[in-house]
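Both of the next two complexes hold chain A, though its partner changes from chain B to chain C.
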Partner chain A sequence: MSAPSQKHRQVTNFAIFLGPAILLLFLFFIAPVIVDIGISFTDLGRDLQFHKVTTANFERMVTRDSRLTKTLGITFLYVLGTLAFFNVTFGLILSLATTNVPDKLGAFFRSVWLLPRMSPSVVYALMWIWMIDPTERGLINQVLSFAGIPEFDMMNQAPLMLIILVNGFIGASMGMIIFTSAIRSIPEHLFFAARVDGAGFWSIIWYITLPSIRWPLSFITVYQTLSLMVSFEYIWLITNGGPFYDTTVFALYVYKRAFENGQYAYGAALALILVTLGILASLLMWRFMDMKRMLQDPRIEVH
Partner chain B sequence: MARIELRNVSKVWDNVVALEPTNLSVADGEFVAVLGPSGCGKSTTLFILAGIYAPSKGEVLFDDQVVNDVEPRDRNIGIVFQSYALYPHMNIRDNIRFPLKFKKTEKEEAMRLVEESAKLVHIEEFLDRKPSQLSGGQQQRVALARALVKEPQLLLLDEPLSNLDATLRMSMRSEIKTLQQRLKITTILVTHDQLEAITMADRIICMSRGKIEQIGSPKDLYENPSSLFVASFIGAPPINLLEGVASQEKLNLNKGSIILNHAHQGKLTLGIRPENIKITKDIQGIKSRVGLVEPMGRETLYVLETTIGELRALVPESAPQWGQGEDIFCQFEKESCLFFDTETEKLVSNLRLVAIE
Partner chain C sequence: MKFLKKLSILVSTVFLTGSFFAVSPVMADTVEVNLWSRADRSGPLRPGNIVAAADLLNKQYKAAGVDKTITVKIHENNAKGFDADALDLFKAFAAGKGPDLYVAAHEWIGALAESGYAMNLEEHINAYPEYYSDIIPTLWGSALYKGERHAVPQDSEIRMFFYRKDMLRKIGKSEDFVNSLPDKVNAGEFTMMDLSKLAKEVVDAGVAEYGIIHRPNVGPDFLMAMASFGFEPMDQASGKLKASKKALMGFLSWIDWNASNGVTPRNNTSFSWDTVNHLLPEGKAFIKHHGVWDVGRQIKFGVSEDSEAAYTKNVGWLNSPPAEKGGTPKNLSHPIVYAVNPKSSKKELAALLIAIASQPYFNTKHAIGSNHTAINYGQESMPDYQKAWPLRMGTPMLKYTTIMPNHPDIGQFNQIIYKGIQGVETDRLKVDEAVSFVLEELEGELGDKVMIVD
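Right after this comes the complex of A and B.
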C-alpha cells in the first residue's frame, strides 16, 4: 500500500472508531459547559430573555452570597462522610463478609443490599420518610420505644447524618459489587499460601486481600467522590435541603437558585464552581492515586 | 522432621468422590512422589495434608498425633504451588520473610534466615525485586525459599516444575533432590510427570481415579506394575499392550498366538516394554515388518507390524539397525512379559510366557 492511501486509511479509521464517541462527548459534556459559561455572563432570568452581558453573577457570588460557603462546607462533610462510612468502607466490609461465607449465603446478602438500588428513587425516599417520622408512627421510633429510648427526630436533630445514611445505604452496593469481583479474581493459591505461611483471618485481609484490590479501591473512591458531588435526588426528595438550609448540598443549591428561583444566569455561574471542583478533585486524585496507571492496564493485581 | 500417616482418609465434594478411603504412611525424611493424571486425587491428598481441605472421613497423623483439626498455619509445613503463589505486591525479601512474620522471629534473625534461604536456592541478588520481574525459574526458587525459610517439618511440592522449560526442569529436579537430601525434610511431591517422580523420589505412589493403584520404588513400579494403569502410565515410550483371549495354555492375539506356562480362561492383555523386544534376522519368533523408524539418539524406536499386532521396539545404537519395510523377526524377553486380566485390569502374576507359536 502506498504512503498517501495509508495516511488516508488512518484518518478514516480515526473517524469511524473514535468519531461517534467524540461527537457524544462534545454534545453532552463539552457543549453544556460552554453553554453554561455563556449563560453565566448574562442576566437570563425567569422571562428567558437576555438583556445584557455582565459579570454581576460573579460579583454576587463573591461578595453577597452568604449561603455559598456554608453550602460548600455541607457538601464537603456529606461527600466525605458518605465515602468514608459507606461507599468505600461499608462496601468493602460487605464484600469481605459476603466472600467469606458460603457462596449462596453471600449471593443472598449481596442481592439484599442491591434492593434499594433497584427500587425507584421515590419509593426508597418514601420508605425513609416513614422510617424517620418523628412521631410514634416512624419505624425508628417504634424500635426505640421498644428499647425505652425517647422519640428521636432525625430530620431536625441530625439532618446531615440522615442524608449520609440515605445515600450511603444505596451507594455501598456499587463498591460491594466491584470489590467482590476483585476479591474473587485473586488466585485461590495466594490465600492457601498465606494460610500455610501462618496468616490468620485478619492478616490475610491485611496482607493479601487489600493490597490485591488496591486499584478497585482507588477507582471506587474517585468515581464515588465525583458522583456524590453532583447528585442530590434523595436529598431533594426527603429533606428538600432542609431544615432551613442544613442539608442543601452544593448541587441542590444550584438547582434551587436556577430552577426554583428562576435565576438561570446565577445558577449557571454557580454550576461553574461545581465543574471546577470536579476537575480539581479529578486532578488531585489523578496525582495522588496514580489514576494514570490505573486507567492504562487491567489493574487487578495477579502476577 | 515428621512421620506422616493417612488412615482411611477420603474426600467427597457434593457427591463427587475426589479421594477414596486411602491409607498411606511416609517415613521421616523420605522423599515420596504422588504420581497420576490430572483429576486422580493427588492434589486433593496434598491439600488434605496441608490442612487446606478437611478430609470427609479418616485421620491425618503427623508423628502419631491426629492433626485433623490443626489449622494449616499450625502444622509447620512448607508448600510450593504450581503457580508459585508469590505475593505479587511484595518484593522477594518480603515474600520469603512472610512466614517468619507470624512466627514472631526477631527482625535481625529473620533477615539472616531470609538471606540464608535465598542463598540456598541462589536468588540472593534478586531480593529487592518484585515477583513479576523474575523469570519462571527464579520465581520457582523464591517459592522454594519461602517454603524452606521456616524450617518446616514437611515440605509439599505441588507440580512445582510443570511451568518450567525442559532444561531448567532438569536442573531444578536435581537441585531439589540435593536440597532435600541435605536438609532431610520429609517431602511429598505431587506430579503428573513420571520422569519427575522417577528421578526424584525414593518411593512413588501411583494414583488413578481417587485411588492408590500402587506404592513402590521407581524400579518396582516400572518392572512389576500391579495393574494395567500403572504399566501404561509409567515408561516412555509406553509399554506395548496387546489384547487377546486365552483358552487353556494358549493366548490368541490377533492372527497369532503364544503359549503360557499354565492354563487360563478369558480375556488377557499382554504387556511388554519396548526395550524388552529383540529384533533379529533369524527365523525365530514373531514374523514382522519394520514400519516407522524413529531415531532417538542413543536408541532407535521401531514400529513393527507383526502377526500379533503393532509393537514398538527400542533398539540401542550399538545393536544392528534396520530399514523401513524390512522383513524381520522379533523375540520377547520371557521374564519381562506381563499378563493382565483385561476385565479387572489387574496383573495375573503367576502367568509367564513359555513360547511363541
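Right after this comes the complex of A and C.
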C-alpha cells in the first residue's frame, strides 16, 4: 500500500473509531465548560440577556458570599461520609456477604439492594419524607413509639446523617455489583489453595479477595467521589438543603443560586469551582491510586 | 385581438383565483391569542376565564354580524410554583416565544415590566372605567411598577391566624373571650405576645400538642407577621427593598420565644405540608397561620361539619395582632395577576379579554371554585358569593391587607429572611446572630438594591 493511501486509511480509521467519542466528549463535556466560563464573565440574569462583560461574579464570590466556604465544608463531609460508610465500604461488605452465601440467596439480596436504584427518584424521596416525618405520622417514629423510644427528628437533629443514608442506600448497590463481578473473576483455585493451607474466612478476604479487587476498588472510589460531588437530586427533593444550610452541598448551592434566583451568571461562576475541584480530585486520585497502571492491562485475572 | 382577449380573461381568472386563495385565511378571520398560565389544579379558571371572555366576544361579534372568531391557545406550564413559573416565562420571552398575555404572581410584575415584558396598562384601564372602576382599590397595589399599573389583579386572598375556639373553652375561657378575640386584635388590645402566651396556656394545659404552627417553607405569610412588628419590605420613596433592624429583631425574638416555650415546634420547618395541614383540624395545634383557601381542607380533615354555624363554633379567624397595644393589625393578600406582552401584535385584544375576564360574573366563578376572595366590590352582593360563606366572612378582613412589594428581588429577599427564621426556630442561631445573618446576606446578595435601617 502506498504511503498516501496508508495515511488516508489512518485518517479514516481515526475518524471512524475515535471521531464519535471525540465529538461526544466535545459536545457534552468540553463545550459546556467553555460556555460556563463565558457566562461567568457576564451579567446574565433572570431575563436571560447579556448587558456587559464583567468580573463582578468572581469579586462577589471572594468578597461577599458568606455561605461558600461552609457549603464546601458540608460537601467534603457528605462525600467522605457517603463513600466511607456506604458506596465503598458497605458495597464491599454486601458483595462479600452475597458471594459467600448460596448463589440464589446472594442473587436475592443483591436484587433487594438494587430496588432503591430502580425506583423513580421522586418515589424514593417521598418514601424517605414519610419515613422521617418528625411526628408520629413518620414510619421511623411509629416503630420507635412501638418500642417505647421517644420520637426522633432525623432531619432536624442529624441532617447530614440523613443525606448520607439517603444517597448511601442507593450508591452502595453500584459498588456491590462491580465488586461482586470482580470477586467472581478471581480464579477459584486460589481459594482452594488457601483453604488447603489452613486460611480462615478473614484471612482469605484479607490476603486473596481484597488484593485481587484492588483496581475495581480504586475505580469505584474515584467514580463515586466525582459522582457524589455533583449530585444533589435526593437532597433537593428531601431536605432542599435545610434545615438552615445544614445539607446544602456545593452542587445544590450552585443550582439554587442559578435556577431558583435566576442568577445564571453567578451560578456559572460558582460552577467553575465545582469543575476545578472535580479535575483536581481526579488528578490526585489518578496519581495516588496509580490509575494509569489499571488502564494498561486487565488486572483482575491472575496470570 | 381575439388572442389578447382570451389572454386577458385567463390572466384575470388566474389573478382572481390567486386573490381568493391569498385572502381566504383572512376571510376566515380567526384570531389566535396565546395565553401562558401555570398548570394549577386549584385555579383552572385563571386561564379558563380568558377563554370564557373570548367566547363572550365571539357571541357579540356574531350578533353584530362581524365575521371574526377569537381563539385562545393556552400554554399550561408545569412549574412547581409561581416563582419557577415566572423564571420559565422569562426564558420563553428571551427565546422570542413570549405569549400575548399571561397569568403570574404579582410580585414578579416589577421584574417583568423592567425587562419590557409587561405592558403599561394605565391607558387601557383609564379607557375602560366600565370594566375596572369597581375593583377593590387596595388590590391595585399589586399591579404597580414605578407607580403605574402594569397588570390587573386576578384574585385576592386573606391570610390569617386560625384558632380553635373549642380549645379555649376547654381551658376555661368564657364564651365572650373566645368570640371577641378578633375584635380585640382589630382594636389593638391584643398583641402578638398575648397570642403566644394564650397558645402556651393551651399547650401547658395539655389541650393541644402545638400552640402555633406555620408553613414549612418560604412564603408570604411571614411578611404578614413581620408587618405587625413594623417591618415594611420596601421604601416607597426610593423603590428599594428595605430591612429594619429593629423590626427584624422584634419579629425574630417573637419566633424565638415561641420556639423556646414550646409554642411552635422547633422542627416546624421540617414538617411536610401534609402534616402541617392535618394538625389544626385533628386537634393537635391550637393556631395555624395560613389563608382562607385552607378552610375547605380544614373541614375535609374534620375540624367541623360543613356548615358556617358548625365551623365558626369551632374556629375563629384573626388578623396578625399588633406587636404593641394600640397598634394596627395586619393582613396580607397575595393576588395573582393578568398581564400583557407589550410586544404582542394583539396586545389591545389581550387587554380587552382581561377586562372582560375581570368582571364579577367570571371572577366569582373563580373565587368560589378556588376559595379566593373577590376583586370587585360588586361580587360581595352576588348570591353565589353570599352562599360561599368563607369568602363572605373573609372579605371584610381585606380592610387591613398589605401587599408584597412588586420588586424584582422580593423572592430572594424572602428566602434570606426565611433562612433567618429557620436558624432561630431550630436553635441554630441566636436572635442577634440571626439578625446579623439576615442583614449581611441581604447586603451581600442584593447590594445597593436593599437599604438597611435601624
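Worth pointing out:
In the analysis below, the second predicted complex is superposed on the first by the 302 of 303 C-alpha atoms of A that agree within 3 Å, B and C clash if a C-alpha of one lies under 4 Å from a C-alpha of the other, contacts with A are read in each partner's own complex, and residues count from 1 in each chain.
By definition in this document, a residue touches a chain if its C-beta (ideal position, glycine included) is under 8 Å from a C-beta of that chain, and two chains touch if they have at least 3 such contacts.
Bear in mind that the values here come from a model prediction, so they are computed numbers and not experimental data.
With both complexes brought onto chain A, simultaneous placement of chain B and chain C is permitted, the two fitting side by side without a clash. In the superposition on chain A, A:95 contacts neither chain B nor chain C.
Judged by the number of chain A residues each one touches, C leads among chain B and chain C. Of the two partner chains, neither chain B nor chain C is touched by A:173. Once the two complexes are overlaid on the shared chain, A:193 sits against chain B while remaining clear of chain C. In the superposition on chain A, contact of A:71 is made with neither chain B nor chain C.
Contacts of A:141 after superposition on the shared chain: neither chain B nor chain C is touched.
Within the superposed three-chain model, A:207 lies in touch with chain B and out of touch with chain C [touch as defined at top].
One geometric descriptor of the composite model is the angle centred on chain A: between the Cα centres of chain B and chain C it reads 150 degrees, in steps of 10. Closest approach of chain B to chain C, taken over C-alpha atoms in the A-based superposition, is 51 Å.
Across the superposed pair, chain B and chain C touch chain A at no common residue. Interface residues of chain B facing chain A in the complex, by the touch rule stated above, are 47, 50-52, 71-73, 75, 77-79, 81-83, 85-90, 98-99, 101-103, 131-132, 139, 146, 150. Across the complex, chain A is touched by residues 83-84, 87, 90-91, 93-95, 111, 114-115, 117, 217, 265-267, 269-272, 274-275, 278, 408, 411-412, 415, 419, 422-423, 426, 428-429, 440-441, 443-445 of chain C. Against chain C, the residues of chain A that register as touching in their complex are 46-49, 60, 64-66, 129-130, 133-135, 137, 153, 155-156, 240, 242-246, 259-262.
Across the interface of their complex, chain B is touched by residues 187, 189-190, 192-200, 203, 207-208, 211-212, 214, 301-303 of chain A.
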